[in-house]
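Below, each structure is written out as structure tokens.
Each of the next two complexes has chain A plus one other chain: chain B in the first, chain C in the second.
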Partner chain A sequence: MSFKRDVPTSTMSGFALSAVLVLTFLNILLQNIPSKINTAGDALLQLNASQGVANAVTTVVVYFRGFDTLGEIAVLFIAALGIGLMLSKNKHCDIKAESNFMLQTASRLLFPIIMLFGIYVMVYGHLSPGGGFQGGVIVASAVLLLLISHKDFEVPHSVIVMLETFAGVSYVLIGLIGLLVLDKFLGNFLPNDISNMGLLMSGGIIPIIYIIVGIKVGSEMSIIVQNLLKRSENV
Partner chain B sequence: MFEYFNQPEVIKTIVTIGSMALFFVGLFGLLTQKHIIKIFISIAIMEVSLFLLFIGLMYEQSFLAPILQNPDANFTNMNDPIPHAMILTAIVIGMAVLALGVSFAIEYYKLTGKTNIDEMNEMRH
Partner chain C sequence: MIGFIILVTFIGIITIAFASIIQTKLSDAIILFMGVGLGTVVLFFIFKAPDVALTEAVIGAGISSLIFLMALKHLGEKA
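Presenting the complex of A and B:
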């Protein structure tokens, strides 16, 4: 009844190894706790007013780091492509369990509301917390609700392809128009006056790009969720 | 009594220790579990602990979220937007990587019926 016999050796050694690693991290981090960090964020907050967008996080994501966001969307697209290549050869779930009546009725009631909330979060991303990524994920959760409640529901593939192509091409096109007009990739060529801050039509290209990001993330997440729900016949 | 915990150094120390405790949970699961889905869950827990560390280290007491209410205000006494933007990127990339890994695991299970990583030795012979 000793302690060593009950706990496997791998558990003990794993505990010791992870404790050593975490204590090392903790030691390094606790030695450098600053009281106030003066970083590039303060400079960016001063620059942020020039774009006329109320939400500074949106300005950083879409404008100052706009090219990185384009790369991030490319990574998301490659992940969706890999999942599609892996799983899309399976037939649509034949053995999916029948959902009950309450889930079906409630999902029909809730789907438009969740969809509307997702689009609201997407469109108001430059004025309030939220944005394209969050709104896209909310839209995909509405699609997931339909997928688990309705047995024969399937996301129309042609619509997804159209939306994704439109979003990706228009992101790059807006960047190239900015390159032509302002000699800067993703330059803000639309009116972005500071006096319009807080209105829906403010900030120039920034809300447009965030809506495009939302369309792309929503369609890709929907197709990822649908592919992961698929099952082959022989399992 | 609780004024001691309002000092920025104390808050950041608590955040660091707590997020590293969560990181320990993930690392322990990553090192000791054999089921591949449990390993992915451990990686996700480690990711979440790093998100908490980044956001918590930039937290300032009495600072606001970096969103303006009207055009006349200016960005003073507001939190740094850069960690938020970085973590937004990291969450999306982590989600994509996790979904791709889970799809690989599903396909591998369909082909071989194995989930234990010790038995995954098709390349060895």
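Presenting the complex of A and C:
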């Protein structure tokens, strides 16, 4: 080895890998200056029109790859379960210090606005950018604001369990109804006429499934944040 | 013009990321990491992926940095 002793080979290979990644990204950047990008995805947009949903990304995430989305929210559930199990042996312990007066007043003003924005992103996921994952995390960040500003606030555990169970069960149930009606898991059995594209009531089951994903992600992220904030005082 | 903005953002991201890994105070490193996330949001938005930009803004720059800060607070003097 010609390298000095105190630089391990893993660090050197890490630098080499970073250099390769940077060069690849620069290459992609220089070849795709946005005047060429406008034509990307025309075939996808043609295919997207069959479901009557204005946002093509939502069609891909919820309809063409709906089974993968079911797997993703299962992964998030396992992460929440692992954090809950890992921190459950620590004594439950509230934050001792009272938070700042400014933070308390501002959180009362900001909480409804952030919550409303999260629900908007969730419900309009099939019309505008956004959707269940993003909206759920925005709702969880509103809960986080309340958690750090009010020291005796806590999300009730029974409500979280009820919401998450409802969301998970209804996702699978909608998929099974699609299997019964159209011989296809997560088949779009509600009316999804293309003439309604762009309206709130369009796209059949796709907005319903995205709202369900939003409820599940929001409750899981809220419980993860609450466990991390309130249960690990005395590690 | 838009290529210039892309180039400036890209160089900025690399600079902030390098400044983040050579910090000795961990809290400063986390704040700079949030800056990397924000630069990536601009790049995603210019490349016409608003969905990914929204996800990156909420998860990459928001929740994950806050979870890092919480972990840092609980580690305390050990870090």
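Simple rule for what comes next: the second predicted complex is superposed on the first by the 178 of 235 C-alpha atoms of A that agree within 3 Å, B and C clash if a C-alpha of one lies under 4 Å from a C-alpha of the other, contacts with A are read in each partner's own complex, and residues count from 1 in each chain.
Everything that follows uses one rule, which is that contacts are C-beta pairs under 8 Å (C-beta built on N, C-alpha and C of every residue); 3 or more make two chains touch, one makes a residue touch a chain.
In this text, all values refer to a predicted model and were calculated from it rather than measured experimentally.
Chemist: Answer with first, second, both or neither: which of chain B and chain C does A:138 touch in the superposed model?
Modeler: Second partner only.
Chemist: Does chain B (first) or chain C (second) touch A:48, or do both, or does neither?
Modeler: first
Chemist: Check whether A:129 is in contact with chain B, with chain C, with both or with neither, and answer first, second, both or neither.
Modeler: both
Chemist: Once the structures are superposed on A, label A:160 by its partner contacts, choosing first (chain B), second (chain C), both or neither.
Modeler: Neither partner.
Chemist: Determine, under the contact definition given at the top, whether A:57 touches first (chain B), second (chain C), both, or neither.
Modeler: After superposing on A, A:57 lies in contact with both chain B and chain C.
Chemist: So which one touches more of the residues on chain A, chain B or chain C?
Modeler: Of chain B and chain C, more residues of chain A lie in contact with B.
Chemist: Taking the superposition as given, does A:22 touch the first partner, chain B, the second, chain C, both, or neither?
Modeler: Touch status of A:22: both partners.
Chemist: Is A:229 touching anything from chain B or chain C once the two structures are fitted on A? First, second, both or neither.
Modeler: A:229 contacts chain C only, not chain B.
Chemist: Applying the touch criterion given at the start, work out whether A:190 contacts chain B, chain C, both or neither, answering first, second, both or neither.
Modeler: neither
Chemist: Classify the contacts of A:83 with the two partner chains as first (chain B alone), second (chain C alone), both, or neither.
Modeler: Once the two structures are laid over each other on A, A:83 reaches chain B alone.
Chemist: Shared contact residues on chain A, chain B side and chain C side combined as an intersection?
Modeler: 22, 26, 29, 33-34, 37, 55, 57, 129, 131, 133, 228, 232, 235
Chemist: Which residues of chain A touch chain C in their complex?
Modeler: 22, 26, 29, 32-34, 37, 55, 57, 121, 129-131, 133-134, 137-138, 140-141, 144, 221, 225, 228-229, 232-233, 235
Chemist: Taking the touch rule as given, give the residues of chain C at its contact with chain A in the complex, in rising order.
Modeler: Those in contact with chain A are residues 2-3, 6-7, 10, 14, 46-48, 50-51, 53-55, 58-59, 62-63, 66-67, 70-71, 74.
Chemist: For chain B, which residues count as touching chain A in their complex?
Modeler: The contact residues of chain B facing chain A are 8-9, 12-13, 16-17, 20-21, 23-24, 27-28, 31-32, 53, 57-58, 60, 65-71, 74-75, 78, 80-85, 88-89, 91-93, 96-97, 99-100, 102-104, 106-107, 110.
Chemist: Residue numbers of chain A touching chain B in their complex, please.
Modeler: Chain A residues touching chain B: 10-11, 14-15, 17-19, 21-22, 25-26, 29-30, 33-37, 39-42, 44-46, 48-49, 54-57, 59-61, 65, 68-69, 72, 75-76, 78-80, 82-83, 86-87, 127-129, 131, 133, 194-198, 217, 224, 227-228, 232, 234-235.
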